[in-house]
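Labels A, B, C and D are assigned to the chains in the order they are written; within every chain, residues are numbered from 1.
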Amino acid sequence: MGIRAVVWNEFVHEQENEIVQKVYPDGIHRTIARAISAEGDIEATTATLQEAEHGLTQARLDETDVLLWWGHKAHGQVDDAIVDRVQQRVAEGMGLIVLHSGHFSKIFKRLMGTPCSLRWREAGERERLWVINRNHPIAKGIDTAIELPNSEMYGEPFLVPEPLETVFISWFEGGEVFRSGLTYQRGAGRIFYFEPGHETYPIYHDAAIQTVLRNAVRWAYNPAEPWRDVSEAPNRPYDQAREKLTPKGASLHKKGEAGYR
Amino acid sequence: MGIRAVVWNEFVHEQENEIVQKVYPDGIHRTIARAISAEGDIEATTATLQEAEHGLTQARLDETDVLLWWGHKAHGQVDDAIVDRVQQRVAEGMGLIVLHSGHFSKIFKRLMGTPCSLRWREAGERERLWVINRNHPIAKGIDTAIELPNSEMYGEPFLVPEPLETVFISWFEGGEVFRSGLTYQRGAGRIFYFEPGHETYPIYHDAAIQTVLRNAVRWAYNPAEPWRDVSEAPNRPYDQAREKLTPKGASLHKKGEAGYR
Amino acid sequence: MGIRAVVWNEFVHEQENEIVQKVYPDGIHRTIARAISAEGDIEATTATLQEAEHGLTQARLDETDVLLWWGHKAHGQVDDAIVDRVQQRVAEGMGLIVLHSGHFSKIFKRLMGTPCSLRWREAGERERLWVINRNHPIAKGIDTAIELPNSEMYGEPFLVPEPLETVFISWFEGGEVFRSGLTYQRGAGRIFYFEPGHETYPIYHDAAIQTVLRNAVRWAYNPAEPWRDVSEAPNRPYDQAREKLTPKGASLHKKGEAGYR
Amino acid sequence: MGIRAVVWNEFVHEQENEIVQKVYPDGIHRTIARAISAEGDIEATTATLQEAEHGLTQARLDETDVLLWWGHKAHGQVDDAIVDRVQQRVAEGMGLIVLHSGHFSKIFKRLMGTPCSLRWREAGERERLWVINRNHPIAKGIDTAIELPNSEMYGEPFLVPEPLETVFISWFEGGEVFRSGLTYQRGAGRIFYFEPGHETYPIYHDAAIQTVLRNAVRWAYNPAEPWRDVSEAPNRPYDQAREKLTPKGASLHKKGEAGYR
C-alpha cells in the first residue's frame, strides 16, 4: 500500500473566476492529486471545503498519512473543530504540507503560533527558488534552482518561527526575497511549507514543482504508529515510579485524580 | 523607568485550598511581583482571572514589557479574546514567561502549536535543575544547579517544539527528567518556559528561583518599539517595487485591493 | 545492496585491559558490526586505528554510507589528514554516528565547533534514557525509556551546539542528567551522537541499544549522490548570471580567476 | 568602561592594491574601529596578521569582549595556535563577528564545522539586505532593508549549519539570494556572520552597515565572567555525587585519575 495522501482545497476560485478555471478546470486539488500519484508510491485522494466536515472526518484523517492544504479566500469558513482535529493528527504523526496562500490558514497559524504574515504583489513577475541543501530529500531531482516565469511575489519578513531546515529561498524580479521552503517538527508530525502556487498561474503544472510535492509527501510520511495519546498528561503515581519513592510534603491532588487542563 | 512587568495569576487555589493559602497567603502573583521588583530595575504589578478582562485590557498590555503567567485549574475560563490579545502582543515584542502548570494554558499552547503535554506526580520529591549554559543571561548567579527539596514531578516527553536554547534540565528523585527551562522566539517576542512552581510547595520563596525569574524578565524584555502591524500582510504594488517591474500575466486582485485572510 | 556502514574503533582497551577483554573479546567494533547487520539491510564492516590510514582510505570512505565512531584513549593518535577526509565526506552526505567517549574525538569536535566537554563518573550506576519523541525514526521499537543497570555517568553541561532534535535525555542514579541522543545536520550529512557505551559494561550487547544503533544507521543514511564539490566556492561570472548584468565598479579579481581560500 | 572590541584584519590588500588603498587608505580595520567607537559605548582597538602573534596574544584576548574578523587572501597564513586560542575564548564567552570573506577563515570554519562555501561574483551589482525580524537587536535602526549600490555577490548554497536566527537575507541584481546575517551560539559565545564588505567598494563607510556593526558588537557582548574551564571534563567521584551512591561493577579508571582526551 502506498502513502495515503489527501489533497485539501477550499475550491472557491476555480468555481468563481474564469482565469482560474482555465488554469485548473477541475480544481487545484485534482491537479495536485494527479501529480503526486504519478509515480505509484503515493495514493492521493481529495477533499474540499464544501463537503460534509470539509471532507475531513475523524475516520478519514485517521487513515491519512500526509495532508496537503491549499486555501486562500475562505480561511475563515473552515470550522474550528476540524482545525482542532487536523492539529491533533499532526501531533500524532500525520504529515502536513501547507501550500502558498495556506500561510494564512487557521491550521498553519495554529501550528506556528505566529502571525504568518508576509508582503505580496500580483504582477506575474519572475521567481527563482534556490536550493539550500541539494541533498535534502525534498530537493531530490532539482538542479540548483527552480525558475518560475510568472509568480505572485511573497516577500520577507515572513512571520514564522526559525525552521528546522531552510530548503528553498526565493528571489523575485521586483527586488524581494522569501524563505519559500521550510520544514518544521510539531509533536510526531512533520510540516513543510512551500510558497509557490498562485491560482492564476499554471504553477502546479510545472514539472519541478510537481517533483518537490512528491518529495515532500515522502519526506513528511512517518511510518510509525500514530501517537494517539500525545495530548494526554498522565499521572505517574509514586508507587509506580521507576525509582523507589516515599511521598513527602503537602498534596493538592488525591491519589488517582486527573490533572487540570 | 524600569521594565514594566505584569504577573498574571488565575488566583483560584489560594482562595480555596488551605495548604496553598499557608504557602502563598496573598497569592502567588504577589509573591512573584515582590521577588522580581526586589532589585529596583523591574516595576511589577499583578493581574488575575477575576478582574474585568482578566486585568489584561488592551491599554494595559500595550504598556506591558514582560508578562508572567501562572495558571492551573482555570485554563478553560480564560477568555479566547484575551488570549488573542496576548498572542498579538508577544508577536509585537512583549516578553512572556510561562510558569509551571501554565504549560497547559491557552496562551502557551497557542504559541507552541503543540499539545504541551507531559507526565506528572505530586509526591514532594527532590528536583535538581542543572544549568546547561552557565553564561546564559537567565542563569546569571546560579551555581551549577538549583536544588528543590520538594517539587511536583514533570516528566518527559514534554510535547513542545525544539527550543531556541535549553537553559535548564531537571533530575527527579523518582527517576524522570524534564527540560525545565526553555527559550523561544515568536515574532518579535521572547518566551521563557520555567517548570518549577507547584502551589503546595514554597518554590517561589526560594532565592535561586527568584533570581531566575528576575533574570528571565530582563532577558525577555525587548526595548524596541512594538511592531504594531506585525500581523498585517500589506500589498506592495508593482509601481512601488524596489526594482522596476512591468506587470505580466493574469490577475486575481484589482490594484489596491486587500489580500484575503 | 544494503546500507554500507563502517564501524571504526580505536581498539586499544580491548587489547590492554582484562575487564574490557572479557566484555568485548574481539573488540567493540565487531560487536557493533554484528548488531547492526542483524536485520539484513545494513552491510557492516570494521576499521581500526592500527590499520594503514586507520582503515579509512579515500576509496573506502567514498563507498561508505554511514560511519560509526568509537574512540577513548587514543583520540590524539588519529591522523589529522584522516579527520579532514572524514569531515569532507560528512559534508558530502555520509552519515556519522559518534558513540560515547567519541564526544572528545577530533572528528566530533571538528563538526561541532565547541569543546564537547562534560562531567563524568565511573561508578557503575543506573542510567535511564528517556525517549523525547517516540515516533522519531531513531526511537523506533523503544518503549518510553531504556534502562541500563550499570553505566558511566556523563553529566551536563555538555558543550555542544543546540541540536536539530533531542532524541534521548538520560537520568543518572547519582543525580545528573545528560542529553544522550542528539541529531545534527552538517552540509549534506546527518550526525547522531549517542552517549551509552562505556567499555567495562556490556552496553553494546543490550538489545535496546542495538535497536537504536540500527535505527540510527538507517536515519543517517542519505541515498542522494554524494555532493563532491560541496567545499568549492565557484565563481559565477557576470555573463553567466541568471539575470542580465552589466559589470560596474572596481574589481579585485580578473575574469576567470579563482577566489582566495 | 565600554565594551572592549578588537577589530582584526589581515591587512594585505590595502597595502598591495591601489583600488583598495583608495577606499580604505589606512586599512579596513581602522575604518571599522572608528565606526563602532562612534557612540562611545564601545572601545575598539585593532590587530593585524603582521603583528607578533597576529596581535592576538593570550593576554589581549583575555581582555577582549568582542572580536571582529576580516580576512580574505591570507587565511592560510593565520597560525593554527592563534585559531585555537580564539576558538577557546569564544567558548568561554567572547563574542565573534565574522565579516564578508571571513566565511573561509580558519576560525569560522572551525566554529561552524562545515565547508562554509558559497558562490560569488565581482560585478559591482546591487545588493539589498532584507531585515527578517526588525525588532532583533542587531537590526535596530534599520528600516526594512539596506540598499548597497555596488556589492560582491555571495550566493546560496552557503554551507553553514542552520543558524540560531536569520537576521538578514540578501537579494542580488544578478539573480541570487544569500543569508547575509546569521547568529550562532557556541559554548558561552555568540557569533554573528555578516556578509557585506568587499574591499573594492566603500561598504564599511555606509551608515546603515556601521549601525549593524555597532548593534552586533552590543548583541555579541556577554557580561558574564569568562567560563575559563569550559573545555575541561572533570571527574565527579562517587563520594561527591549529589545523590548517595555505592560504586558497582568494573572500573577502567582508578579513583582520582584524569579522563582521556
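Worth pointing out:
Here, contacts are C-beta pairs under 8 Å (C-beta built on N, C-alpha and C of every residue); 3 or more make two chains touch, one makes a residue touch a chain.
None of these values were measured; they are calculated from a predicted model.
Annotation: the subunit A:subunit B pair of sequence copies touches via predominantly the same residues, more than half of the used numbers being shared.
By count of C-beta pairs in contact, C-D exceeds the other of the chain pairs A-C and C-D.
When you average the Cα atoms of each chain and compare centres, the chain farthest from subunit C turns out to be B. Annotation: 36 Å between the Cα-based centres of subunit B and subunit C. Between the Cα centres of subunit C and subunit D there is a gap of 27 Å. Look at where the CA atoms of subunit A average out and do the same for subunit C: the two points lie 31 Å apart. Along subunit C, residues 128, 133-134, 155, 162, 164-165, 175-176, 185, 187, 242 each make contact with two or more other chains. Subunit D makes touch with subunit A in their complex at residues 128, 130-134, 155-158, 162-166, 169-172, 175-177, 179.
Taken in their complex, subunit B has these residues touching subunit A: 13, 17, 19-20, 72-73, 75-76, 87-88, 91, 101, 104, 110-115, 117-125, 150, 153, 155, 159, 161-162, 164, 173-176, 184-187, 198-201, 230-238, 241-243, 245-253, 259-261. The touching residues of subunit B, when paired with subunit D in their complex, are 93, 128, 133-137, 140, 145, 147, 164-165, 185, 187-188, 222, 224-225, 227, 242.
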